[in-house]
Amino acid sequence: MAKMKAVQVQEAGGDLQVVELDVPEPGPGEVRINVKACGICHSDAFVKEGTFPGLEYPRVPGHEVTGIVDAVGDGVEMWAEGDRVGVGWHGGHDFTCPACRDGDFVNCQNGKVTGISFDGGYAEYMCAPAEAVARMPDDLNFDEAAPLLCAGITTFNALRNSGLTPGARVAVQGVGGLGHLGIQYAASFGCEVIALSRGTDKKDLAHKLGAHHFIDTTSGDTAEQLQALGGADVILATAPSSQAITDVADGLARDGKLMVVAATADPIEISPMQLIMGRKSIQGWPSGSADDSEDTLDFSALNDVAPMIETFPLTEAAEAYDRMINNEARFRVVLVPEG
Amino acid sequence: MAKMKAVQVQEAGGDLQVVELDVPEPGPGEVRINVKACGICHSDAFVKEGTFPGLEYPRVPGHEVTGIVDAVGDGVEMWAEGDRVGVGWHGGHDFTCPACRDGDFVNCQNGKVTGISFDGGYAEYMCAPAEAVARMPDDLNFDEAAPLLCAGITTFNALRNSGLTPGARVAVQGVGGLGHLGIQYAASFGCEVIALSRGTDKKDLAHKLGAHHFIDTTSGDTAEQLQALGGADVILATAPSSQAITDVADGLARDGKLMVVAATADPIEISPMQLIMGRKSIQGWPSGSADDSEDTLDFSALNDVAPMIETFPLTEAAEAYDRMINNEARFRVVLVPEG
Amino acid sequence: MAKMKAVQVQEAGGDLQVVELDVPEPGPGEVRINVKACGICHSDAFVKEGTFPGLEYPRVPGHEVTGIVDAVGDGVEMWAEGDRVGVGWHGGHDFTCPACRDGDFVNCQNGKVTGISFDGGYAEYMCAPAEAVARMPDDLNFDEAAPLLCAGITTFNALRNSGLTPGARVAVQGVGGLGHLGIQYAASFGCEVIALSRGTDKKDLAHKLGAHHFIDTTSGDTAEQLQALGGADVILATAPSSQAITDVADGLARDGKLMVVAATADPIEISPMQLIMGRKSIQGWPSGSADDSEDTLDFSALNDVAPMIETFPLTEAAEAYDRMINNEARFRVVLVPEG
Amino acid sequence: MAKMKAVQVQEAGGDLQVVELDVPEPGPGEVRINVKACGICHSDAFVKEGTFPGLEYPRVPGHEVTGIVDAVGDGVEMWAEGDRVGVGWHGGHDFTCPACRDGDFVNCQNGKVTGISFDGGYAEYMCAPAEAVARMPDDLNFDEAAPLLCAGITTFNALRNSGLTPGARVAVQGVGGLGHLGIQYAASFGCEVIALSRGTDKKDLAHKLGAHHFIDTTSGDTAEQLQALGGADVILATAPSSQAITDVADGLARDGKLMVVAATADPIEISPMQLIMGRKSIQGWPSGSADDSEDTLDFSALNDVAPMIETFPLTEAAEAYDRMINNEARFRVVLVPEG
């Protein structure tokens, strides 16, 4: 049986270990992907630290996967060897629960998560349910496309579903892995983009990515500064800090929406009064389905949106993970099995 | 000059005093209304206690007014003597600020509030800007229609703008002045209505008003009980308690929206995680414009929605106010000048 | 092998013949339903006359089916013997085409139609793909529920997706099989309902069903009469006459939508000028998915919406069909196998 | 009294005559604008040919006006001398009709049209109601901005209100005065843009303007070619030909919308069947309010959208008009009083 290199976590709190495993065989309804690139996401900490309910070890993390289909399981007709594809956080659904029957696959009661429910993309090969796989346009390269399957879809999908109309004023809170994509997407929608970041380090970069304004959130009252620009129709909160989100809420314009995408458990605090004056709202948005991933990839190819990445071979997965978890990367770290 | 009876507050914290005043003359762009009924609203405490910014005394409170136009000021062509009308919280706008030019009169930067910016309906006569006046259908009576101008429009407008579709599952938190109208409106939209109330006192009443389910919020975990019913597509939070709102948020269904209408300054606490799982949102809704008031009155007449009221003459305004502020009324207290 | 009574069409233009057939066995992914009632729909003429592309004979028509699951095929976990269910026009989908991956099952590229792609409900038993089956609330009876699976879902789903808000003014064109349900649904949404019908025969009935106004379309210019009532926010066009639809278009209010549900091939004629003044639109709506069917059934049970029906045993299918095709029925004809 | 040069039509069917008139004085609620540029629009033919109901002569046409406020009438506080402004088709409203009270100023029952209800921009000076005036960003020049007040707002507003989401596939039918702006706006929204034009003359230009695909509508079945690209989510029909619109309708994707902006009286022909399969719709869109004009101008400045223009002095208005009416201009003709 063929062997492959992979990176595994053996137990909650364990290290990222480079191991040799059997190349997996796709079961019925699955495809096998020859992984070309896999982004490292902050959510991979769920696997490393064991904080996701029901996680079983050992586990290969990774849910920002791009590659080429190289085998298909029984009953799979929509994919063929050679297809260029991606897999993201959403790792499959049951088609039969109430959410699925409503077409809302992301909220499937029995939904799977790539790299958590089954082995993910920190490996030369992985298998995934056919319904979790997204087609990739020819003109995207594997390395840059990988982070689009999670950081990309999350910001793209949250923004396009925020109710914004072209020309809206959009503030992107945090210029990091998610935020530097959010700025590009908002600018590509024709919006007036305001980047919010601590300090001025990222000011020039934010403008290069398409931001029209930059606010250093340590330089005064951010909400007031947003209001001075007319107020934000949408604030995309990418920073995993509920305190920071609480602090910008008053920067919303009439009918403004604060769109929250960084999953943290600390409470945002906001009063009815703040929401009622101007009919404001706060909403959460998870990533999306394979269909949403395809929309994200197509849009990114059409409008030249790409993440800034640092690539590492599988053998340096631990160092790569450290750069991510310590916020040192600009901005997404990508493992390249053949790198 | 003709005199009239009115109820005035002389200073912050002062009593509701019955006084004799000149019948006011309508200025340019205003109409004078012979007041037939005026509801007492919890927000009248702003006037009594002096907690609204910029309030000037003495002031006649009252923003749930119904009556008959009996004089029109210069330049007013849309109203004539004898018109049956109502006036609510929104007391006029400037037509020229950015919000007004966008047609969003409620959010006018120079908006006035009835009974706060100018004397309101605790009187035999009052004047109001023509744009703040709403036409009343013939088949509504003055007494019952009065609370529709604030309690009614607030719940009707919040619900119809909540994104609900007919048949949605709607929880109404609080069976009081606002809630007992919210239940009726939601039922009239064809929704499956769940009433939430402390204790079981109001269970039978809630069912009579159209609720299909009743949850005693002291009897266990309300969010869990909502989920057992399938989750709420909309929760209309009428209770002025941010803690209570915080407690029910997890009762939302996928894509559910928590609609907040009771203006309090205490913070709701909700985490990004709670919002992201299921794409949930929280929104605030203020009352509405005169046009929204007309929609509310028309809908209420068409679908036989009416508040439960207790009526008092102007001379008993202080007792009437006390019943309201102490939550003793079932459910709205209405002053009737000729009563 | 067990036998059953059924009604078959042998060839395009052939009669509805009562025959004895083997009780069918459910294949993988299918369920067998013991048919309790099956409505006769105008679209059954596709089968009788052979006007649906790709139709194969002999064929048992019928896509307004209610009954009880009495056997399940391999791989079916969501249904069990004894479940009360219904099946409508949408007869299954492939889960893998672009529409399905977007959750839009009705527009599946390989979608099946009940009673056309496979044998339908003019029989004691039928089999259907599990994904095409809808759960039925306990408090609906089989006979009255049957037409809800096509006439009901079509009008309910078109109306709730028309963008109407509660209290909207809705005109229902045609008081027949579809229209008499459309009136009930619109009234149950709290709308102001205007029934349009040729002559005055159905005036009293229309009011009983919930209409607030009635316009005899032979009595003058219908569009003008609609405008005299304020204009229709939504016109639900149920009459299969493009000329009639053309004639009412100018009865729309600002932002009004003409919703078309009766599938005919004759052109509606409308000018850009008519559409531009007031931002009006025309849209078509097909029935819906199994999930939409459940919403329809649940809503109907909650709000006491039911069709007026005439029931016939299977042996009188030909006479029953004639009543339908000649517009003699008031309003839906239902075959009852055990009748 | 000061005199000015202007271009007048004396009677229905009359010529565009250069005349000397008194510089007009702004009445109450009006501003006077020193006209810097005025686009010539196809709708100016209403004035020249006398086909607009109620038109009075002599009349100065022109509703694509940019310039500088140089006097304000009584009661005007929102404008001051020196303000850079524009005026479009919508020439004022009454603030009191049902549409206005709903914030829908464009559909005012007593709405005025610039250059039709009162003298327009083919002159050195003109007066306009304050509510019809839009503020212009500093970084737009007067000549290029002028056509944005009608051709620009019409295409921008129709597209942004079409329900499109970023990345949608948008076909723009006609590469002319409206279409060449529509292509730029759609591309600036991040959409995949398909230009439709007769012949291949404008192919290179269409791509330069941002189109990703080009279809020569004389080269085969346009609807089929659109379907081969996946179908259009939105078709913006700018060509004033109902036959041409009829021909492309089948090029819509699922849930596609055909947005009609060129006001002609010939009927589009479309069958219920065509609309029902795929839930398609047709909608008309008029230009917009002053607020929409500001959005258009701001968006155009932010995203570098500008019309291609040919400029003429007022004295050559007749020749300029002929180029427009004969479809010879590429693409908008602009009169420059000081030119």
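Going in written order, the chains are labelled A, B, C and D, and every chain counts its residues from 1.
Note that in this section a contact is a pair of C-beta atoms (placed from the backbone, for glycine too) under 8 Å apart; a residue touches a chain by one contact, two chains touch by 3 or more.
These figures come from a predicted structure and were not determined experimentally.
For the pairs B-D and C-D, the larger set of C-beta contacts lies at C-D. Distance between chain centres (mean CA atoms), chain C to chain D: 42 Å. Within chain B, the positions touching two or more other chains are listed as 104. Taken as a contact graph, with one node per protein chain and an edge wherever two chains touch, the assembly is complete, since every chain touches every other chain. Listed in rising order, the residues of chain A touching chain C in the complex are 77-78, 95-96, 98, 101-105, 130-131, 289-291. Interface of chain D with chain A (complex): residues 159-161, 165-167, 185, 188-190, 192, 212, 295, 298-299, 302-303.
The part of chain C that touches chain D in the complex is made up of residues 99, 104, 107, 237, 240, 242, 245, 254-255, 257, 260-286.
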